[in-house]
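I've put the structures underneath this note.
Shared chain: subunit A. Partners: subunit B in the first complex, subunit C in the second.
== the complex of A and B ==
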């Protein structure tokens, strides 16, 4: 029941966020809807029993990449960046309208359900096997796989990240003409 | 309701949305958003197959490496976008003609 509720809300958030990314004109709103979509994908990972991937998705995507994209949008706004004054019921100016608030409520509910699911997995994996333990925690198995079977890809990803870091810093550096 | 087919359907919708964003948008940052959607679709497929078909954790590993590559790609891509904006004062993709002839 709980898993089905989490699945339904995550699927709704993912599909709705993806469609909203397509149809929204404003690029800033597209970034916010992409954030909702990625939180929905994290909820889907939680329903699949992939707790470590769900947490990594929230940390890297929602906490890193989308924020980076928002910074890039704000730095490259220029003249074609439109900002419309919206308000909620005429009470607070520039606080978003009811659509953004409903999206925010849905995002927070899915985030809460994802966290409850992950905590439940952790509690169940440490409890004695008396009740249904269909989703054991995957963190230790992923750790063993990363340093045994997939150690070459693991090390190569560190080289890739270092190269991306240095390359991004060199490319974005302002140059004197 | 929760089966392999529903996850594949959601992943298909994500992929198509990313493809439409990549084709239809003219903002370079929006094209990067489409790439992120497509990478998420593939990672979701990996985890879904790992749960319902193979029953091991190799799909999770693939998904984690997809997230790593997406982070690196976003960093380099946004650096290119910011550098391009410093040169051309716009992020419209049709203005990127420096490599032509």
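== the complex of A and C ==
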């Protein structure tokens, strides 16, 4: 019952947050709804028993990305970004024209059908797992995979991040006259 | 394996009796036990937060040779209750141009972020709400909600003071997360696990087994952690987000009544939590001295007292520091974090890893005095 309750709450938070991000007119509010949506996704990971991934989701998105977004929005205007534009269904803020909208609808239908066929196979072939009071940890498994089997990819991604950091420092550095 | 307070209690006979009373519905009983523990811990921590304000005023009075609060109750100890009543009965003022939704949301987020960390705080070997495998990682992650709330509180008030305080707060919290996390990582390395059960369980016995005395690097890591934790909880000498001489009251300038109370309570409970984490990671946590172990329920209460003693001693040090040191400047704050604490923390992490390899995981005391691993 716990798992179902957690799933219902997380799903509601994810879907509700995602809809609110698109519908709201204030970009700061969008950021906060995005936060709710991302926490909901962390809850979904937790219901799947992926504790490490769930916590990493919170760590990366709540602690990093959302604060970064808030900073960026605020330093570039913040509240002045309230959109009054309305077209097509009366939703705002709406970007693009009817061509982009129709392409987006087409793409989302294809995406939905692909997902249904993928998930349908999984649901048919596997019985749903049930978790009791204790479930196996994923921390050691992820650790072993990261530093044994996939150590090259792991190290390369850290080099990539270092490059981004150095690049940002070079761009932000005051130039000598 | 993940341990919880329910799985701990289920090893006793009375659990089966209660389970029968619940019609053998384990899920319902687990829900009831979790709720009961959550209510107890939140009430306890709210009281600790309230008493924290009293302790702060009383200790600062001692340091400055004043009397401090002494009217309400014996030695003024009921002052925090009087303050609470005052907060709740005050008028709830909101600036006309404030962002209503975010203004209401920010204090709640602060309190949610702090209370969520209590789920993994190891009160004793058995009384820990959820001893998750990702325990300490979860604590670091969820407490970053406080940073978001500080920022939002500053933004939503639509006031210059609040805005500056909120920006300072958010940048300070995300900067100091780095040395704190790397210091914690060094201890995770020594314990070989991120769950509080594993970390505290490794420090059984004499104080020489505490991780702070494990090796010289861990000793330095404790101080890096403690300084970083002071900055993360916006405590003096790092209380720039609410620097009253420059910013009136920083990010909560425009907040009145219980909304301000939420921010204050969240700050005091967060100080308690970071002190508790320091006690659990470095100072042996709730272990009984000399490796005594009786597996009966009252011993758990003794362990809770030991944990609380260590935590509240550190709490005293935090208050002591606040009333002793002057506030830093913003540039000093950032240079301390990035030029000193972060490199030191990285050296500590590497040092701990090398120590583990060279001395085969033995601690300093075990090398000097001999002894088994």
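Annotations for the structure displayed:
Methods note: the second predicted complex is superposed on the first by the 114 of 177 C-alpha atoms of A that agree within 3 Å, B and C clash if a C-alpha of one lies under 4 Å from a C-alpha of the other, contacts with A are read in each partner's own complex, and residues count from 1 in each chain.
One rule holds for everything that comes next: contacts are C-beta pairs under 8 Å (C-beta built on N, C-alpha and C of every residue); 3 or more make two chains touch, one makes a residue touch a chain.
From a predicted model like this one, the values you see are computed outputs, not experimental measurements.
Contacts of A:105 after superposition on the shared chain: neither subunit B nor subunit C is touched.
Once the two structures are overlaid, the count of subunit A residues touched is higher for B than for its counterpart among subunit B and subunit C.
When the two complexes are overlaid on their common chain A, residue A:116 makes contact with neither subunit B nor subunit C. By the touch criterion defined above, A:63 lies against subunit C but remains apart from subunit B after alignment on the C-alpha atoms of chain A.
When the two complexes are overlaid on their common chain A, residue A:52 makes contact with subunit B and with subunit C alike. Once chain A of one complex is fitted onto chain A of the other, the partner contacts of A:151 are absent, as it touches neither subunit B nor subunit C.
Contacts of A:11 after superposition on the shared chain: subunit B is touched, whereas subunit C is not. Once chain A of one complex is fitted onto chain A of the other, the partner contacts of A:172 are limited to subunit B, with no touch recorded for subunit C. Once the two complexes are overlaid on chain A, the subunit A residues touched by subunit B in the first and by subunit C in the second are 52, 56, 64, 71, 78, 138.
Against subunit C, in their complex, subunit A makes its touches with residues 1-2, 26, 28-29, 32, 35, 51-52, 55-56, 58-59, 62-64, 66-67, 70-71, 74, 78-79, 133-139. On the subunit A side of its complex with subunit B, the touching residues are 3-4, 7-8, 11, 14-15, 18-19, 21-22, 27, 30-31, 34, 37-38, 41, 44-45, 47-50, 52-53, 56-57, 60-61, 64-65, 68-69, 71-73, 75-76, 78, 80, 138, 141-142, 145-146, 150, 153, 157, 160-161, 163-165, 167-169, 171-172, 174.
Across the complex, subunit C meets subunit A through its residues 1-4, 6-7, 26-28, 30-31, 99, 101-102, 105, 132-134, 137-138, 140-142, 144-145, 147-148, 151-152, 155, 167, 170, 174, 177, 193-194. Subunit B makes touch with subunit A in their complex at residues 1-2, 6-7, 10, 13-14, 17-18, 20-21, 24, 27, 29-30, 32-34, 36-37, 40, 43-44, 47-48, 50-51, 57-58, 60-61, 63-65, 67-76, 78-83, 85-86, 89-92.
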